[in-house]
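The structure under discussion is supplied below as structure tokens; questions concerning it will follow.
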Amino acid sequence: MSIWEYSNPKKFMDWTAPVVPWTFGLAALACGAGLVWGFFLTPEADKFGSTVKIIYLHVPAALMAINAWFMMLVASLIWVIRRHHVSALAARAAAPVGMVMTVIALVTGAIWGMPTWGTYWVWDPRLTSFMILFLFYLGYIALWEAIEDPDTAADLTSVLCVVGSVFAILSRYAVRFWNQGLHQGTSVPVATGGRTVSDVYFVPLVLCMVGFGLLFLALVLLRTRTEIRARRIRALTARAHRA
Amino acid sequence: MLRATDLACARGGVPVLEGVSFSLAPGEALILRGPNGVGKTTLLRTLAGLQPPIAGSVDFAEGTGAYASHADGIKAALTVTENLAFWARIHDRPVPEAVFGAFDLSDLRDRLAGTLSAGQKRRLGLARLEVIGRAVLFLDEPTVSLDAFSVKMFARWMREVHLGQGGCAVIATHIDLGLDAPDLNLSPFVAAPDAGGGADEAFL
Amino acid sequence: MIALLRRDLALALRAGGGFGLGLAFFLIVVLLVPFGVGPDRTILQPIAPGILWVAALLAALLSLDRIFALDHEDGSLTLLATAPVPMEGVAVMKALAHWITTGLPLTLVAPLLGFFLNMAPAAYPWLLLSLALGTPALSMIGTFGAALTVGLRRGGLLLSLLVLPLYIPTLLFGAEAVRRGAEATGAQAPLMLLAAVTLGTFAALPFATATVLRINLR
Amino acid sequence: MPELGEYAVYVLTSYAATLVLLAAIVGLSVRRSRRVKRTLQEIERG
């Protein structure tokens, strides 16, 4: 029973049925604990005052926004190579969730920018990169919606995802190159894990990251199951018309 | 020269035909018959390699096939000669002088393709087939909007020039071309409603 | 494949739409900006390179959906697919045809419009150089986008949404090169990066475009 | 309630905005899942 067997739609529906509620539960638990702990029990940071509490939303969301696109890239490659419908539908299911995570990262980043930089939106390389990532998500979702035939849509969006990934990384460094002259970014840690933060804030942050991760996983599983059912409806009605 | 073995093909992810097998020796043609929508175009596109078959295989010499339908890629803003010259250069072959005579295009040589009648445009499309010089032709309703005289002209070209020089062709058409070529009615090869291999198979 | 390029150029010349449309749009957009931003020359001067670059980008975007649409409708694309011409070659030739009919004229006209925006005199050579290096990338990326949306009903809008994010590195390096060139603070870096992006697109995107075309022709 | 100082409004708005966005994506996903499941069951019973 190779792992590819698990991505056969029927088997996928069977083994994910019990998993989804559990994942949602664990996600709620982790997020709840992390946010409550971070919001109520951590002291004010010297430099940022209480705005440091926004870190528990901004960093996990930003982390998931990038990981979501990476997951879609892997799923697209699996679809192109192994032609497994579930991975293509999982990529389609993950896009809106990734986009929402990007919006959360942008909103919390901008709000956090107010006390730190004095204005809501500053063309900081990190925030700008997330705005670009948001545009990529928009284009990806729009392409899925624009094409009727599911398999053609899966193929075209996979190519767009691969090309988009290269350009997203390119834009990431282009923005850093372009912005150096204007405004030095804050020392606020970048979205990836390598962070220098004192441990009193660290544990709740890890909890929030786990929470957001589980939430993302739960949402993707739920939405993938919905996509599989929608595809089954389309298949059944098509067969009914043919008969 | 061209062999199809147990071919199954789909249109829009839905299986349309299955179990189609035939083989053509040089100089032979095959006429595809069957009601509209049975899958003549789908079969031709699969044979030409424009779309992958669900099952079975198609074998003919690499780079000798050409697909042509009534949408024959004629540019209205170019003259008849320029259109033919373009396709000749794409296949890096010369434009044979005889082609203008063979398809009654001699006096239309420098006319813009946009100013031609439907029948003349079709003759230009068929002349293109001669110019590209491909041995294995897959033709989808080549004689649509052609008058009787032009149909005979095309049939004569097909019989004497194309097949005569050892080419072969699979032609989907409703009218009788007068070629002594076997017919293949596709109706018995229509895929069963629950045929496998369709894009939706994993979800049913 | 050169035949394809020559035919497309001949078609563009005869139809006449290709050249004029892009240039007219470019002219209008550039002339509109002062009405929006205000006639103050001290404001216009620093942002002139940016305006010219954005306007050139939008003008290039305008004529992208015509790259494959005509050939798709009259069946040429299908015939090319079974011709001895590699689809990657078709993609490159289509991108070059688009560049010659749109990118090149924009590059030549842009400096003339610099006067309307009171651009710094030092910026003109850099503007010309950056556009010359950058517009081919706009055409190649645009050809990829056009291949993605060939055959779709309202493909034009979707094409812009797909292609604009991909244009960001080129726009960014191009405008930065002109700005730094004008201030004589070392424009070599952005120019080289701009050229690198363009070379990268011509190296990789034809394969993606060909794959997408084959999928769309199925 | 922890002492949020003068930045209280920023912290609270960002928490509120995030919770609203998360609720939206979860709500929409669940609603669509139920609707599709119901349609599928109707077709399967057919």
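Note that the chains are named A, B, C and D in the order they appear, and that numbering of residues resets to 1 at the start of each chain.
By our rule, a residue touches a chain if its C-beta (ideal position, glycine included) is under 8 Å from a C-beta of that chain, and two chains touch if they have at least 3 such contacts.
Worth saying up front: this structure is predicted, and the values here are computed from it rather than measured.
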Provide the labels of all chains in contact with chain A and in contact with chain D.
none
Innermost chain by mean C-alpha position:
C
Distance between the CA centroids of chain C and chain D (whole Å) is 41
Centroid from C-alpha atoms only, then distance chain A to chain B, rounded to Å. What do you get?
49
Taking each chain's mean CA coordinate, chain B and chain D are separated, in whole Å, by 55
Centre to centre, by mean C-alpha position, how many angstrom separate chain B and chain C?
37
If I count partner chains per residue in chain A, which residues reach a count of at least 2?
232, 236
Touching at least 2 other chains, the residues of chain C are 218
Going through chain B residue by residue, note those that touch at least 2 other chains and give them in order.
none
Hey, which chains are touching each other here?
A-B, A-C, A-D, B-C
Can you name the residues of chain B that touch chain A in the complex?
12-14, 193-194, 199-200, 202-204
Residue numbers of chain D touching chain A in their complex, please.
2-8, 10-11, 13-15, 17-18, 21-22, 24-26, 29-30, 32-33, 36-37, 39-40, 43-44, 46
Could you pull out which chain C residues touch chain A in their complex?
144, 148-149, 152, 154-155, 158, 161-162, 164-166, 168-169, 172-173, 176, 189-190, 193, 197, 204-205, 208, 211-212, 215-216, 218
So in the complex, the part of chain B that touches chain C is made up of which residues?
48-52, 63, 65-69, 71-75, 77-78, 82, 86-87, 89-92, 132
Over in the complex, which chain A residues touch chain B? Could you list them?
8-9, 85, 149-151, 228, 231-232, 234-236, 238-239, 242-243
